[in-house]
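Going in written order, the chains are labelled A, B, C and D, and every chain counts its residues from 1.
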């Protein structure tokens, strides 16, 4: 079993050092995992190339996490990302973390990502090519 | 100038290494700062002593952050915590990050913290002494 | 190809966030990788059990790293640990980091680890059972 | 009291999250502190400007740390850097960490830093202006 309904996932081992004095994975680590999954997703839709070519890239406007299970070392987590809303200049991404040991979702969260023109220093409409890529990507077979 | 309306704050220098490839402080660092400020607050109201004595302690149920300004090295940030809601077994904490260089709030966020009995592994009512301490602490003079 | 001559290795993907403003994996990350590999090794020889049972555990006395190649995201690294010297109360561990993308050793280093009695707060002789386990473990077939 | 014999120092509070499951500051954190101090030193001698102007900058070739005292939260540490050897294309930096609570040196270490020409991708002689600045800087009054 693993994360259902996520077209893009990454798998990472929990590191011993990711635990804090409470004996479970520290709350901040979950955001590092969200980030690694988010970057993988954005690579899959070609956003970094656009950043390199035209200096249009993602900026995180807001992010949150709901902690549902404590995690401990050793474990392996699968982190999923999917885009659930496409606005004019921003989109919403949903993340979830699956614990292989507990066979359940350990945390989930949502973020708002703005497409930003680093030349004009202003939000810019999501380019049509990116919009279409996201729609096709999300519509393709999930696991 | 600094963070108004926060009874509990900590001050930290931005580290060079806290910047990521985008050239600004990485989004995850804000949650580390929230945590350092939160722990300082909880110390001020005596929650860690309760943890040591009776194994009753805080567990983070949810946290979020709104990014309002990009931060860069060098800068010094002031991070504030205050409790805005006291429920039966949980409370709400608000955090804010002040940039000394930009003289403005760079980010803010909210978290839900559950008071947890580690013996029974269940949420437990906020002890009266802690509840009163929080009320008095929040009512005392702000900066 | 991978790390030769190491009986104990772990494999980790490079995270995007492990890069710093210079555009390569930050120097501090290598020590995190050494640690994750070291803990895996110590688990394999049963040191954590001894820690739990008799409060005898490892303490790092010194560690160093030689940086031989710059690493960048994406890549996968294999980190090896082996014990090259068994003293009376301490031992020497050698670590190496293999880059799958560059097919070469990106860094290596050496550390001195003391076996510490947390009851008496003093170094203590390496228990015979641990000593024998290490010797057998190191003598068994390498990859 | 504080770190003697260091012309360049920074002061940082120990963060709660910098402790690991052993209940003391994690070994990796010391290298983060060395880095923050090293960057401050290099700023003081003007190396980052040279990086921006001519793409000549520092690369860490090797670094080590000797752990002399366990550190715990709360504490404040002072981290010092000084250059003890100027070679043709590299120099040696010594670091030390002072614990305000224990009033003693908690760790020290040494690193080899190469001056690197990012255009030719080769080590390059330390520019005369930088060499003189370092000599004057180190000769000026210590604390």
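Simple rule for what comes next: contacts are C-beta pairs under 8 Å (C-beta built on N, C-alpha and C of every residue); 3 or more make two chains touch, one makes a residue touch a chain.
What you see is a predicted model, and the numbers here were worked out from it, not measured in a lab.
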Open item on the list: Using the contact definition given at the top, which chains are in touch with both chain B and chain C?
Closed with: A, D
Task: Farthest chain (mean CA position) relative to chain D - done: A
Open item on the list: Suppose each chain is reduced to the average of its Cα coordinates; what separation in Å results between chain A and chain B?
Closed with: 24
Open item on the list: So the centre of each chain is just the mean of its C-alpha atoms; given that, what is the distance between chain B and chain D in Å?
Closed with: 31
TODO: Compute the distance, rounded to whole Å, between the mean C-alpha positions of chain A and chain D.
DONE: 35
Open item on the list: Quick check on chain D: which residues sit in contact with 2+ other chains?
Closed with: 16-17, 26, 28, 32, 35
Task: Contact set on chain A toward chain D in their complex - done: 16-17, 19-21, 23, 26, 28
TODO: Write out the stretch or stretches of chain B touching chain A in their complex.
DONE: 22, 26-28, 31-32, 35, 57, 59-67
Open item on the list: Please output the residues of chain C touching chain A within their complex, sorted ascending.
Closed with: 10, 12-13, 15-17, 32, 35-36, 39
